[in-house]
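Shared between the two complexes below is chain A, which has chain B as its partner in the first and chain C in the second.
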Partner chain A sequence: MIRFEPRAAPSPLLAVTIPMAAAFGSLLIALAILKLTGTPVLSAAGLLVNGAAGSLFALTETLTRATPLILTGLAVTVAFRARLWNIGAEGQLYAGALAAVAVGGGQIDAPAFILIPLICLAGAAAGALLLLGPVLLKARLSVDEVVTTLLLNFIVLLVVQMMLEGPMKDPMGMGWPQSIPILDEAALPRLFAQMRLHAGLLIALAAALGVHLLLGATVLGYEMRAVGGNPAAARFAGIPVDATLAKTALLSGALAGLAGASEVAGLKGYLTADLSPGFGYSGIVVAMLAALNPLAVVPAAIFAAGVFVGADTMSRTLGISNYFADLTVSLALLCVLVGSLFLRYRLRWVGRR
Partner chain B sequence: MEAFEILLQANFWAAAIRIATPLIFGVIGALICERAGVLNLGIEGIFVAGAMAGWLAVYLGAGLWTGVAIAALVGALFGLLHGLFTVILGLSQHVTGIGITLFATSAAYFGYRVAFPSVTEPPRIMAFQPLDLAALKLIPVIGPALAQQTALTWLAFACVALAALILYRTPLGLAIRAVGDNPASVDAQGLSVAGLRMGALAAGSALMALGGAFLTMSAFNAFFFGMINGRGWVCIALTVFASWRPEKALIGALLFGAFDAYQVRLQTLAGGIVPSQVFLMMPYILSIVALVLVARRADYPRALMKPYIKGER
Partner chain C sequence: MSGIGEAVLRLEGVGKRFGALVANDAIDLSLHRGEVVALLGENGAGKTTLMNILFGHYVADEGRVMLADAAGAWSELPRGSPQAALAAGIGMVHQHFTLAENLTGLENIILGTQAWYSLRLSRREARKRIAALMRRTGLQADLDLPVDRLGVGERQRLEILKALYRKARILVLDEPTAVLTPQEAEGLFAAVRTLAREGLAVLFISHKLGEVLALTDRLVVLRSGRKVADRPTAGADRALIAQLMVGREVDVARPARAEPGRPVLVLDKVGAGQGRGRLSAIDLTIRAGEIVGIAGVSGNGQATLAELVAGLAQPIEGRMDLLGSGAPANPFEAIARGVGRLSEDRHRDGMVAEMSVAENLIMEQRWSKGVQRFGLIRRDAARDAAKVAIAAFDIRCPGAEAPLRLLSGGNIQKLLLARALAGAPRLILANQPTRGLDVGATVEVHARLRRAALEGAGVLLISEDFDELFALSHRIAVMHGGALTPAVAAQSLDVQTIGLAMAGQPGAVFEAAA
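Then we have the complex of A and B:
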C-alpha cells in the first residue's frame, strides 16, 4: 500500500515547483473541460497565452489586472498567517474604493502630492476599520469571523449601490449607476503612454516587500506567526493574542482597502458596483498559490491575472464564456491544496505486511 | 396599526415560509456536516450547482422529481469532493470549502453559458405548483399560507423530521454525533470515522443542493447569475443560531423568513423614504445579529474542523 510519511523539513525545490505544477495542472483540467464542450483546445490555449502575454499591450493589461490581486492576495496572506479567516477582502476592497471617492471626489482641493497619499490612506483606513469589527466580535463575543466577513461583503456592496444612487451619484452619469469622478490631481499616474498600467502596481510591489519584511523581521510579524501557529502556546508565552489579531486585521483590511483605492484612483477614475469581478475571493486563491509567502504573491497574482486577461481574449474570439477564467482559478486553488500535501508528506510504497 | 396587521395576513406567512424553505434545506445540510465534525463552506457554491443542475435537467425534458434527484446527486458529489480533501487528506476545511464554493459556482455559471451562449431572458421551466390541500384551509392564517406551498417545502419539513429522528433516535445518529465530538471513541467502537464523515458530507451537501433547486424549480422557475446571493452563508450563521439541532433549525429558518418578509412589507409602508438597499441588507444584518446573540454560549461540536488521523492524539 501507499503511505504518507511526514517530511522532516519541507523541500525548498518542491516549495517552488508544486505551486507552479498546480497552476499548470489547473489550466490543463480547465482546457480538458473546454474540450468536452467541443472547442478546439489548441487554438483556445494559444489565444489564452497570446491574450495574456503576446504583446507589450497584453502584458501591461495582465499587470494592470494583477495589481488589485497582489494587494488582496497580500491581505489574505497576512490574515491567514495569523490564522485569522478573513474572507471579506471583497467588501474591504469596496470600502476602500468608497473612501477613495469620498476623499478624491472634489471635496478636498489639494495638489497631487497631497491628494494621492491621502486617497491611499483613506482607502486603507476604510478597509482596516471594516475588518476590525468582525475581529473585535471574535475577540469579545467569540463570533466566528468567517461568516461575519463573508456577510459583510454583501452588506458593503449594497452600501456601494446605495451611495451610487444617492450621495455619490454622478449627475453627468446619464442614468448609469456610477459615482462622481475623482479629481485629476487624485489620479495615480500611468506608467506608460497609451497603456492602462498605473502606479498602483508600484504600490502593490512595495506592499509585498513591506509585508515580507514585516513578517520576517519584526516583533509584530513574529507574534502574528506565533498566533497563527498555535494560539494557546502564544498566549502562554505572553504574546497578547487579541491585540495581535486586531493589528493583523488592521493590516489585512488596509491592504484590501488599498486595492479598492488603487482601482478607483489608478484605473477607473470613478466607482461602480462592478468595480471588482471578485478580486477579494481570487485573493484567497492567489495567497494559497503563493503558499502564504508575501513575495510569492506577486507571481501568483500575475498568473491569475493572466488567466483572466487571456480568457477575455479567448472568449471574444471563440465565443466561450469568460467564466472559463473563474473555473481555472478555482481549480488552481483545489490543485494547490492537494499539492501542499506533498510539501509536508512524502508518498512511500510499503509492501503488504 | 398597519404594521401589525401584516402579521395576520396569510400572504405574509406564505412569503415567510417561501423564504425559509431553501434555508431549512441549507441549515439541515450544514448541521449534518458539522455534527459529523466537518465545516462545509462549500454550501454557497453547492446551492448554485444544485439550482443550476435541477433546473437544467427539467429544462432538457426530465421530470420535476428527476430534476430534484439530479440536483441532490450533484450536491452529494461536491460533498464527497469536499470529503476527499478534508476527511481523507486532512486539508484545511476553511480553504477547501471556499475552493468548493468557487469551483461549483464557476462550473455552474460556465455550464449555463455553454448551454445558453447568448440568451438575455433566462429560460423558464414548468415548475412545482402549490399543492393546495383543501383541508389546510380550515386553519386560520397559517392554513392558507401552507396551502400556497409546493411539494418541495413539504419535503423540507420532512427532512427536518427525518434528520431529528436519525440524529437522536438511531444508532447511526449516535455515531454521527459522536464522530463530530470524539472521533476516537467512534474508532474504538470499530466504526469508520472517515466513512461516517463522508456519508454525512454527501447527505448534507445533497440537502444544500436541494435548497438551491427549490429556488429554480419552485420559486423563480429560472436560473440566473447571482441568484443565491449569500443564502448559503446565511445558513452557516443560522446553524450556529440553531445550536446544531434540527428542530431549532426549522424555527430559526422560519423566524428568519418571517423577519425578512416583514421588513420587505414595511418597506412598502415606509413609501420610499428609506433606500431599498437598506431592506436588501437586512437578511445579512439579521444573520450577524443571530450569530452575535448565541455566539457566547454556542456549543460547537468538539471535533469540528479537526481532521482525524488514526493513532494520533
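Then we have the complex of A and C:
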C-alpha cells in the first residue's frame, strides 16, 4: 500500500526539480497520446523542439509568445499569493488592449517617448480598474471573485466585439472587425531587425523583477503575503485586509492589462477579438508551473510559449491539430498539481502484513 | 459489561523519527478496559505523534499497534489507516475540534456513519440513540443548531458524543477540560467514570495536574520522545508529576503585590457585539500594574470583550476609555495606542504558518523604523531582532528563517508573546494565554505577564483555567451571559464561588462589591 506522509520542510532541490519534471512529464504524456493517433512520435518531438528553439527565428517567436504569458503569469502570481483568485486575466488583458487602442489610435498626437509610456499606463489602468470591482464586491458583500472575474472575461470580450463593430472599427479594414491601427509613435520598438520580438519582453522581464522585489522586500508585499497566508491573523495584527486586497487587485489587473497593451503596441498594431489565444487562462498554468514565484514565471512562460510555437510547426508539418499545444499546457497544469503533492508529501511503501 | 481489566490495546516499541528528531523512541503502552490512563508530557514530548500513529495519520518507523477484539483475540491494527482505527473502535476528541461548522450537532455526529441513500427515518433513529447517550452520560448538547453558533464547551461535548455514537471502545481525550467550568468538568468526569465502569478504556491527555490526579488510575509520562514513567496515579502528587514531565523541579509562583496606578482601561456600561457573544452594560476598570482575571465559560461574551480591547469591535453603547482615548477603531490603532494582544485562538488569529519566524515576529511592527525604511523591509534588522527574541523568550525553532508551522504550540505562543510585548505595551490582553501549553511553557508565559505588570502594564487576563486565574490575578470578575460581575480581590474568592458565578449565580462576595 502507498502512503502519503507530510514532509517537515520541502527541500529547495525538489522545489526546482519537481516543476521541471512536471513540465517534461506533460510533454511525454502528450506525445504518448500522439502515438495513439499513429503519429511518428520521434519526428513529432523533433519538430516540436525545432519549431520552438531550432533557430534564432524560432527562439524569437517563442519569446514573442512568452511576453504576454509572463505578464499574465505575474498577474495571477500576485493575486494568488494574496489568495485573491483572479481568473479574469483574459478580460483584463482585453481591457488593457482596448485602452491601448483608445490612447494610441490617433486621438493623442505626441512623440514616442510620451506615447509609449502613456499607452502602457492606459492598458495597466484599464486592467487594474476592471479587477477592482470584483474585489470590492468580495470585500463588501462576500461575492466570490472566482465567479465575477471569470464572467467578466466574457463581458469584456463582448464589449471588445461591440467596439470593433462600432466606434473603433477600422474604416480601412475592408469590413473586418478590427480596430483602427495605433500610431507608429505608439508602437513598441522591435528588438531585432526582421523579427517580431519587441520591447514588451523587456517590460515583462522588468515586471518579473519588480514583482519579485515587491513580494520579497517591501512592506506592501509582506502584507499581501500575510493576507494570503492567514487573513484572520493579518487582520488581528493590524493589517488592513480589504485595502491590501484592493492594492493586490490593482497590481494584478495592471499586469494583465499591460499584457494586452504590449500585444497591441508591440505585435499587432491594432486590436481584434482574437488578440489572445487564451493568454489570461494560460497565465494561471504559468503561475502554477512557477509555484507562484515571480522569477520562475519567466522560464515557465517560455516553456508554455515554446509548446505553443513548437506545436504550430509540428501541426503544420504533420497535419495534426494544433490543439496539441492546449493539451500539453493543460497536462502541465495537472502534472504541476500532482507534483506539488510530492513537494509537500513523501511517498512511503507500507508493507501489508 | 464484562471483561473489566482486560487489556484492549498494546503499543509495542513504537518509534518514529522526523529527520534528526526522534519524536517517539520505542514506546510501550497498554490500555485496559475500564481504566482511565493519563498521558502526560510537555509540548514536543511526543504525545501528539504517538496519537497520530495510533490513529493511522502517521506510520511508525518501528513497533506496532496491537488491538484485542471483543472476543479477546489480538491482531495488529493496519498501519496508516484512520478508517481501520475508527472501525476498531478508537475514538478521539481533539484539542482542535473536527466538526463541520455549517452542519448541526446531529448531522456532525452521524456524519460518515450513514449511507448517502439513507432516509430521514434513520435520522430519527440516530436522534433517539444520541438522546439515550446524553441521558446516560449527562453530556448535553444542542443537536439542531449549526455548530458555528455553539460555544466551545458544547462543541466539545458533541465531539465526545460523536465518538461514543460510533461505539468507541477506546476513547482518547486531548485536553478535554480546557473549556469547561468546574461544574461542567465534574460532569465530564462523572461521564468518563460511568463510561469506564461500562468497560471503556480512556486515554486522558491533560496539562491540568489536579484533574489528572482526580480522574485517572494510571500515569504515563513522556519526555523527549521516551516513556519516563508508567505508574499508578495513587501516591503521586503535583510536584512529582511536574518533575517527571519537565525533568527538573518547577516552582509555581504566586502573584506579586500590585501597586495599581492610573486606569488604563475603563468600561462604563458598555454593550457590544451581537448574538450569543453579546455584551450588555458591563463595567470594568483596569489600572496600571494590575492583573484582572475574567473567568467564565467561553461563549459568554469574552470574545467580544477581547475584540473591544484588540480593536476588532466597537461599543454599541456606554463609554469606553482605553489609554486616554476612546475605543480603538481598528487593530492597528490599538497596537499604536500601546495595547499588546494575545488572541484566544493562536492558530486562527495569531500566526501565518507559511511565513518565517522572523516575519511573524515583525508583523505588528512592520511600519516601525527598525523594521523598514522607505517601505522596504530591512531583512537583516528583522532577522537580528528575531534572534534576540528567540533567545530572550526561549523560542525553540530551527532558526529565524524557518517557517512558523514547524514550531510546537508552546513555542508559537512564546513567539506571539514576544510580539505582543515588543512595543512595551501599557495594556496587555491575554486571552487564554496558556491554553494547551505544557507546564514549562505555562510557567514562562506567566512569569512574563507578571513581570510586565510589575513594570507597570495593566493586564486583562481572560481564562478558563482556575489555576491560572488564581496564580496571576489580583482581582477576578466573572462573565456569564454577556454580563460581568464586579472584579473582586482574588484572595476573597475560591473555585466554588467562581464556578457558581460562571453558572449565573454570583454569590454574596460579588454582590457586596457591586
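Keep this in mind: the second predicted complex is superposed on the first by the 348 of 353 C-alpha atoms of A that agree within 3 Å, B and C clash if a C-alpha of one lies under 4 Å from a C-alpha of the other, contacts with A are read in each partner's own complex, and residues count from 1 in each chain.
FYI, contacts are C-beta pairs under 8 Å (C-beta built on N, C-alpha and C of every residue); 3 or more make two chains touch, one makes a residue touch a chain.
All values reported here derive from a predicted model rather than from experimental measurement.
Asks: More chain A residues touched by chain B or by chain C?
Replies: B
Asks: Using the touch definition from the top, say if A:Ile87 reaches chain B (first), chain C (second), both or neither.
Replies: So A:Ile87 only meets chain B here.
Asks: Who does A:Glu5 touch here: chain B (first), chain C (second), both, or neither?
Replies: A:Glu5 contacts chain C only, not chain B.
Asks: Going by the contact rule set out at the top, does A:Val159 touch chain B (first), chain C (second), both, or neither?
Replies: The first partner, chain B, only.
Asks: Report for A:Arg235: first if it touches chain B alone, second if chain C alone, otherwise both or neither.
Replies: In the superposition, A:Arg235 touches chain C alone.
Asks: State whether A:Tyr281 touches chain B only (first), chain C only (second), both chains, or neither.
Replies: First partner only.
Asks: Let me test your reading of the model: by the given contact rule, A:Tyr222 touches which partner, first (chain B), second (chain C), both or neither?
Replies: In the superposition, A:Tyr222 touches chain C alone.
Asks: Where on chain A is chain B touching in the complex?
Replies: 33, 37, 85, 87, 137, 141-144, 146-148, 150-155, 158-159, 161-162, 165-166, 281, 284-285, 288, 319-321, 323-324, 326-327, 329-331, 333-334, 337-338, 340-341
Asks: Can you list the residues on chain C that touch chain A in the complex?
Replies: Its residues touching chain A are 18-19, 58-59, 76, 79-80, 310-312, 330-335, 341, 343, 348-355, 359, 363-364, 366-367, 372, 375-377, 379, 398, 402-403, 406.
Asks: Quick check: in the complex, which residue numbers of chain B touch chain A?
Replies: Within the complex, chain B contacts chain A at residues 41, 85, 89, 91-92, 94-96, 98-100, 102-103, 105-107, 109-110, 113-114, 117, 229-230, 233-234, 236-237, 240, 275, 277-278, 280-281, 284-285, 287-288, 291-292, 295-296, 298.
Asks: How about chain A: which of its residues touch chain C in the complex?
Replies: 1, 3, 5, 8-9, 217-220, 222-223, 225-226, 229-230, 232-240, 348, 350, 353
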